[in-house]
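Alright, structures below, take your time with them.
The same chain A turns up in both complexes below, where it pairs with chain B and then with chain C.
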Partner chain A sequence: MTDLAAVLFDGVVYSSWLFLMAAGLTLIYGVMKILNIAHGSLYALGAYAGASMVGAWLAGGHPAVASYALLAVAALAVGLVMGPLLERGLLRLVYGKDEVVLLLVTYAVFLILEDAIKLVWGVESLMVSEPYALPGNFLIGELAYPVYNLILIGAAVALGLAVAWGLYRTRSGKLLLAVIHDREVSAAMGINVDRTYLYTFTIGATLAAAGGALTAPTIAVSPGIGVEVIVLSFAVVVIGGLGSLGGAALGALMVGIVRSIMVRYWPEAELFTIYLVMALVLIARPKGLFAAPEARKI
Partner chain B sequence: MRRSFVHLLAAAAAAFAATNAWAQAPVKIGIVTFLSGPAAGPFGVPARNAAEVMAESLNAGRVPGAHSAKGFGGAPVELVLIDEAGGPQKQVQELRNLAQRVDLVIGYISSGDCLAVAPVAEELKRLTVLFDCGTPRIFEDASYRYVFRTGATATGDAVALARYVLDRRPGVKSFAGINQNYAWGQDSWNDFEAAMKALKPDVEVKTSQMPKLFAGQFGAEISTLLSSNAEVIHSSFWGGDLEGLVLQGAPRGLFQKHLVLLAAGEPAINRLGTKIPDGTIIGARGPFGPFSPGTELDKWFRATFQERYGVPPNYAAYKMAQAILGVKTAYEKAQKAGAATPNQEQIIGALENLTFEAPGGTVRMALGKGHQAVQGVAYGVAKSVGGELTLVDVKQYPPEQTTPPDGVKSEAWIKSGFKAK
Partner chain C sequence: MSRDRTPLVLAAACGCLLAATPVAPQWLVFLLTLALTKGLVVLGLLLLMRAGLVSFGQGLYFGLGAYAAALLGARGGVLDGLVMIVAAIVAAAAIAAAIGLLLARYREIFFAMLSLAFSMILYGLLVKSSTLGSTDGFNLHARSFAGFALADGVGGRVFYVAAVIAVLAAGLAVHRYLGSHYGRLATAIRDNELRVEYLGASVFRVVYANYVAAGALGGLGGALAALAVGHVDPETTYWTTSGEFVFIAVLGGTGNVAAPFLAAGVFEAVRTLANQYAPNVWQMTLGIVMLLLILFLPAGLWSLVTRRRAGV
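Here is the complex of A and B:
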């Protein structure tokens, strides 16, 4: 029984981490039809910014409790600077081009940002584990878990609900859904599509940076961390259905829990868990779990 | 005006003297090491730094002892740096270009890259010295004339580690592993598992965790290891994964509940310090870093590297210095045999079966028909003293206990209970 609880908890923690990245990715695709490879770099930037800010704060001898607020500030700073910069400065110039062109443009941005990160932070890793260790542990059976894992789950749920509320319960959210449904008609009806794109990309970028900043205390922030993340979050988004927030949540939960079960009972197979889940889902539903039905154009 | 003309003349004379100080043309060495990507921080850049500090010191004649001759026997050393990132296919292309620009190549950290470039170096007939990669397959599955490796194979690391664990805990009943799911992690685990079973047949494997390389998140794996009740946990993790394992595992009691072995843990000491819990067994893939022999050459290398880069040299830096000094020794041996400016064939002839001194101690090119080095392996136990991590209970294992005889494959040697000849 304890084993089962531990497996489920490990799975949910991993799912929360996956969801933080996948949510921003699926939002950007849903609205802008861009498969944003640079999402991985925004995650890495969030992690580096968070680790740097917390590191400097702690080096100054300030109280470690405030480091949680600094992680949030780092995520917001990266999102609010990089989001508009990339959307206004680059992506705006290539809208309307083929999806493959957009994919290549974001891949170029990813490569540039990876090198920029190396230029700024070098190749040595950054470690700020204080926020991870500070709240202590709790027990599931005999297994100790850091309380920080609960913060991670809480943040994923809170951010997921906030985005869902913004989308489905506010006027701007409904305008955004209208743009997702049909860009041309929305523009004809007077919706400022350009501004919608800017907001969406900035929110998506902030979610990626938040994922990075929240993960920073649990890992060694080192070159290349964005690569791994982008592959996993793409798989989760595809499982959930490109553009579906609920799909990303369910996809992340499925992958996280199945992976956790595999690690415990069949570790040899863990490596292809995510692709197994993806293959099974796509066999049953080729466009993912929650893909919106597409009108056939004649 | 007159004064500045005199200065100009003096500068020109100095420049002329500098170019003429070398009686021979420079030896151009291509250095291939990770300058970007996750392996750059722990291995690639320290190795690059070691290459640069060695080249400068050799050219200035500052290296002590047997290596005090300037450059390579009077010829200055010039380095051409190449980034190892990008995978084996890219490295094969890079080598094809590099081989035309340099006299010899020293490089390669990844075993995948070594396996890919070795046959190409042979085809190009360009002397290539592998300095760090560990797979024993290079000289066990093939035979080369132009390829050498001045570092010992990973088999020795695994066998020595199994011996060290059983020397410290003869009654150990079970062990588990967490290793990265690619060649290095799989080979390290397989060799360690086989060596443990050969030395103590009744020992039980509880679980073998193989997360993806650079997975970063090990929550579920740590839970499984904690629940496994294995006495010993083996890990050949390196870089960000190793640091992540310590950061995530230590608060959960992984290192308190189990005897954890970090086979390639030494490069993380500078980074993690006392975050590595006391009692952890740490290795450096040879007699490097904290396990180095303390000879005059070793002390000079440590002090020079530390002064220049602010950190002590880790095992990757030691192994790079070892490769450069191996070639230097061969070059000068060929000179003594009568070749004033030895050609590639003469250097190769001198390097085969060579014994030479490096900061990590004596190196013998004893395997692979004189192309593969053997060297002892050391392990120690982490202990914090005055806020710094030190290694205590250090034990060295000589090559005779860790390496198969020439011509015997590592896997067969371990499985035969170290008896195959």
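Here is the complex of A and C:
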């Protein structure tokens, strides 16, 4: 019983982390029809910024409690700088091109940022585990778990709800949904589509950076952490249905729990099962679980 | 209509490459071999892109070909390079024939993502299979080629010649195919699939045929690359490898069967130079080159060739 609870809990922790990544990805795709490979780099940037800010703060002998606020600041800083920079500086120039070309543009950005990160932070890995260790542990059965995992779950749920609320309950969110539904008609009705794109991309970038910043205390932040994250979040987003926030949540839960079951009972199959789930979902539902039906164009 | 000069140009280019075999330095032979093998995979991608489909998982067939060749040597005791290559093509085509049944029903980003999923499944399997060396992979060594024993040190050049001949054969075959009734349907499918169906042609059959052919070309490229490098590892099936193929394909454009090889050559050259002179920023260099090309040369490198010809 404890075993099962632990597996489930592990799965939910992993899902929360996946969801933070996938939510931004699916939002950007829904509005802009860009599958953003550079999302992985934004995650890495968030992790690096978070780790180095907390590291500097602690090295100055300041109280460790404030490091949580610093992680949030790091995520916001990365999102608010990189989001507008990429959207205004680059993506604006290529709108209207093929989806695959857009995919390649973000792939190019990903390659550029990978090296930029190495140039700025070097190839040594950064470790700041204080925020992770600080809240102590709690028990599931006889197994001790870091309380930080609960913070991670809480943050994912809170951010997810905030995005959902913004999207479905506010005026600007409804305008955004209109743009998702039909960009041209929205523009004709007077919605500032350019600005919608800017906001969407910035929010998505901030979510990715938040995922990175929150993960930073739990791992050794080193080059290449963005590479693996990105295909995983692709899997999550595609399972849920591109552009669907609820789908991203469900996809994250599926992938997270399947992974933790595999890690516990059949570790060799971990990686391949995740993509097997993705393939099976796509076989059963070619556009993912929650994709909106599309009109057939002749 | 002007005469079709592609076969002639292709043959002449391959002739030049063959003539250079005895005199080219070792590093150039190696670089060209890699470029040609990647070009073969991208030639398969071109077949798919003609139909408007982009596979983000051609690494699957590249890796399959490489591992099929290597396994045949390590486990099957077959040490002939040519046999390895043929086996790799057959293995890749067989898998493509199975997966293609499913994938040929998908379009756009879903086709790209599902093919990515399949390549990542293979990656996941290879990384965790300790008998195949996990992430390190293992070495392969061909002792003979088409029955002729390979002396020490000539292997690289033999595989180079094999790659050039494979490129010539594949290039001519694909060019012929693209000019045929069937091949021309691909472009029509990209433009409007439904109309093609209404006109009485089977979209599925064309997409499926192109997919299997792309898989076979991927296997061929993978086996040749594995022989030339002498080593296989799971990286061959990782998404970054597949991304590289898509990059080369977009770099070249889909205008002509020679475009993938031209683009692969430029790609390898840029990569080698960047690696040599700016080892810390070679990915960045590639990324910047890619962005500039997408912004200023959207139809690919091949458009430079056709534009010049149109101007004369």
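In the analysis below, the second predicted complex is superposed on the first by the 298 of 298 C-alpha atoms of A that agree within 3 Å, B and C clash if a C-alpha of one lies under 4 Å from a C-alpha of the other, contacts with A are read in each partner's own complex, and residues count from 1 in each chain.
FYI, a residue touches a chain if its C-beta (ideal position, glycine included) is under 8 Å from a C-beta of that chain, and two chains touch if they have at least 3 such contacts.
The shown structure was predicted, so the numbers you read here are calculated from the model rather than taken from an experiment.
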_Partner chain(s) touched by A:Asn192 [first = chain B, second = chain C, both, neither]_ = neither
*Can A:Pro286 be said to touch chain B (first), chain C (second), both, or neither?*
second
*Is A:Lys118 in contact with chain B, with chain C, with both, or with neither (first, second, both, neither)?*
both
*asked:* Looking at A:Asn137, would you say it contacts chain B, chain C, both, or neither? Reply first, second, both or neither.
replied: first
*Looking at the overlay, does A:Met278 come into contact with chain B only (first), chain C only (second), both, or neither?*
second
*Regarding the shared-chain residue A:Thr170, is it in contact with chain B (first), chain C (second), both, or neither?*
neither
_One more residue to check, A:Glu270. First (chain B), second (chain C), both or neither?_
both
*List the residues of chain A that touch chain B in one complex and chain C in the other.*
115, 118, 227, 267-268, 270-271
*In their complex, what parts of chain A are in touch with chain C?*
35, 37, 90, 93-94, 97, 99-101, 103-105, 107-112, 114-116, 118-119, 227, 231, 234-235, 238, 242, 267-276, 278-279, 282-283, 286-287, 296-298
*Where on chain B does chain A make contact in their complex?*
35-38, 40-41, 44-45, 181, 207-212, 214-217, 219-221, 223-224, 226-227, 239-240, 242-244, 247-248, 251-253, 271-272, 275
*What residues of chain A sit close enough to touch chain B in their complex?*
3, 6-7, 10-11, 13-14, 17, 115, 118, 122-125, 127, 129, 132-133, 137, 142-146, 149, 215, 218-225, 227-228, 259-260, 263-264, 267-268, 270-271
*Could you pull out which chain C residues touch chain A in their complex?*
54, 56, 102, 105-106, 108-110, 112-114, 116-118, 120-125, 127-129, 192, 194-195, 239-240, 243, 246-247, 250, 280-284, 286-288, 290-291, 294-295, 298
